[in-house]
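In what follows, a structure is listed as C-alpha cells, so that the remarks can point back to it.
Order of writing sets the labels: A, B and C. Residues in every chain begin at 1.
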C-alpha cells in the first residue's frame, strides 16, 4: 500500500531523512515512533504529498509521488496536530467545504454519517471556534474520513488533549482502523500506540532503526524495544 | 578554495583600464556642451550605468525562469549576483542623475515620472533582498526570490510605459517625440564616441563584477558547508 | 455507536467540472465566514475612512485642489486598505494549518489561487462600494460615473491578482505581514499609476482618447499578472 525506497530529505545542507525504506501492507496500523527531531513529521509530510523528497521513491496505493500526487491525495486522509478547520464556520459548513473540494457528490448524507461517527452530530451548527481542542480533533478526523480514503496518516493526534478527550479519540481511531483502512500514526505516547497499532517502527537519526509487529513484540514490552532501537 | 581563474584576473585589469579610459574620454576629450557646461559630462557614466543595470534587470527575469525550470541552486546564486550588481549600478545612475539635475533643473530630485519609476524599480530589487532575508530554507529562498524577480521584472517595463501618461522634464536624448521635454541636446561625433565607449566600458565592468560576485556566492556556500561539517 | 461506512460516495480526481466547483467552494467559504464575523470588511472600511480623514487634514485642500487629487486620494486609500485585506485573508489560511488542508485536496494548485483571488477581490470591491458614496457625501462630489466604476474594477483586479500571490509568499516568511507592502507597492505601482490617471480623466470629463491609453495599460497589467500569478502559484505553495 505504502512503499518508500531510499527516501532522502534535505533542507539546504541539513539532511533529515537518510534513506528510509518503509513498507506498509493494506490494513496494517503502523505506529511510527522516535525522539523529537527524528524526522517523523517530515516523513509524514512527504507521504501526505505536502513535501517533496530530495531523493528516493515513494509509492502510495500504486501511484508515485510526486508525479501522481493528485491521485494519491484522493485516497489519503490526513490528521495533523493542527486541526485544519475554519473557526468562523460551523462544523457542518467545514465538512461541506471539504466535501466540495474532494469532489464528493450528494454529500449531505455523508456529512451526517461522519458527524455521528465522531460523536458531534448534536453540535453540527456550532462554530468551530467554540469547540474544545478535543472536539476539534475529532472533527478533524471526520474531515479526514469524509471521502472514505483507503489510507490514513495521523501526526501526533493526541497532542494537547486531556484524559477524557484522549479516550474519546481512542474510540474514534479504533473505529476508523476497524473499517479496513491502512493507518500510519506518529506518536510520543507509547502506551496509546501499544494499544492501537499492529506494528511498531522506530525512526531514529533519519532511518528506520527497528521494526516489529505486535506478535513479535509479545515477549518484550514496547518501551524496552524502543530504548534498544535508539541505543543501537 | 579555487584560485581565481586567469581570465578573471585579466578581466579585472581590463575593467579598471576601461573605467579609467572612459573617465578620461568623458572629462577631457569630449567637448563641453553648449548649454549645460561641464556638468553634462556626468551623462556618459549616467547612461553607461543605467543601460547596464536595466539590461541586468531584464536578464534576471530570464534567470528566474531558468531556475524555476531546472531547480538548480546554481542559477539562484547567479541571479543573486546579477541583481546585487544591478542594484548598485542603478543606484549610481540615480546619484549621477541627481548631480546632473542640480544645475540643469535647479533641484536634486523631482517627482518626474521617469525618476519616480527609477526609484520604484530600485525598490523592487531591494524588496527582493528583504524577501530573501526572511527565509531560512535555501530552496524556498531560491524559489521565492525567482518568483519575485520574475514578477518585478515583468512590472518594470509596464511601469516605464505608464510614465508616458505624464509630461516629463527628463531629457529625451535618443528619439524624442515629447515636445514638452526640456534639457534636450544632440550629440556631436566626439560626444558619441565618448558615449559609446562608456557603454562598452560599463558592460565589461558589469560582467567583471558579476563574475566576481558569483564566485563570492560560491565561497559563501563552501563556508556554510564547512561550518556544518565542523558541527558534527 | 459504530457505523460501517459504505462506499456510496464518489471521489473525482480531476474532471474539469470540479475545477470550477472547487474555486466556488473556496470563494463560498471565505464569503460565508466573512458575512458572519464581518471582521475583515469592517477593519478595511474603518481604516479607509481614517486614511481619508488623515488626507483631509494633511493636505488642507480647498475645493478646487481637492477635485484634482480625488483620484489620488481614493487610490491611496484602496491600496492601503487592500493590504490589510490581503494579509488577513491569507493569515486565516496560515493559522490552524488550513493551507495544508487546501493543499491536501486532489485539485490543481491554481484552484487555490483563483479562489483566494476572487474572494480578495470581492472584499476589496465591497469596501470600495462603501467608500465611494461616503467620499461623495463628505466632499459633495459625484463619484458615481460608470467610467470611474470601470477603472476601479480593473485596477482592483490588477492589484488583487498580484497581491494574492505576494501575500501567499509573505505569509510564509519570518517577517510575515510586514513584508507584503514592501513587496506589493513597487510592483503595483504601475496599476495604481494607470488607475489614478484614468480615474482622474473620467472625473474631469476628459476626452476618451486621453483615457484610452491608461485603460489599455490596466487591461494589459491585469492579463499579464493574472496569467503569471496563476502559473507560478504552485511553486510557492509546494515544498
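To be clear about the criterion, contacts are C-beta pairs under 8 Å (C-beta built on N, C-alpha and C of every residue); 3 or more make two chains touch, one makes a residue touch a chain.
Note that this is a predicted model, so its numbers are computed, not measured.
*Asks:* If you take the chains that touch chain B and keep only those that also touch chain C, what is left?
*Replies:* A
*Asks:* Which chain's centre, taken as the mean of its Cα atoms, is farthest from the centre of chain A?
*Replies:* B
*Asks:* Closest chain to the protein CA centroid?
*Replies:* Chain closest to the assembly's C-alpha mean: C.
*Asks:* Give, as an integer number of Å, the spacing between the C-alpha centres of chain C and chain B.
*Replies:* Chain B and chain C have C-alpha centres separated by 32 Å.
*Asks:* How far is the middle of chain A from the middle of chain B, if each middle is the mean of its Cα atoms, in Å?
*Replies:* For chain A versus chain B, the centre distance works out to 51 Å.
*Asks:* What's the distance between the Cα centroids of chain A and chain C, rounded to whole Å?
*Replies:* Those two chain centres are 36 Å apart.
*Asks:* Residues touching two or more other chains, restricted to chain A: which are they?
*Replies:* Not one residue of chain A touches more than one other chain, so the list is empty.
*Asks:* Identify all positions of chain C at which a residue touches two or more other chains, and write them in rising order.
*Replies:* Counting only residues that touch two or more other chains, chain C contributes 239.
*Asks:* So which bits of chain B are touching at least two other chains?
*Replies:* 136, in rising order.
*Asks:* Any idea which chain B residues touch chain C in the complex?
*Replies:* Against chain C, chain B makes touches at 68, 117, 120-121, 123-124, 127, 130-131, 133-136, 140, 143-144, 147-148, 150-152, 154-155, 158-159, 161-162, 164-166.
*Asks:* Name, in rising order, each residue of chain C that touches chain A in their complex.
*Replies:* Its residues touching chain A are 1-5, 7-15, 18, 21-22, 24-26, 28-29, 32-34, 36-37, 92, 96-98, 100-108, 238-239.
*Asks:* Going by the contact rule set out above, which residues of chain A touch chain C in the complex?
*Replies:* Listed in rising order, the residues are 45, 48-52, 70-71, 73-76, 78, 80, 82-89, 93, 97-98, 100-107, 109-110, 113-114, 116-117, 127, 143, 145, 147-148, 175, 178-179.
*Asks:* Could you please specify the touching residues of chain A with respect to chain B in the complex?
*Replies:* Answer in residue numbers: 11-14.
*Asks:* Within their complex, state which residues of chain B touch chain A.
*Replies:* For this pair, the touching residues of chain B are 136-139, 224-225, 228.
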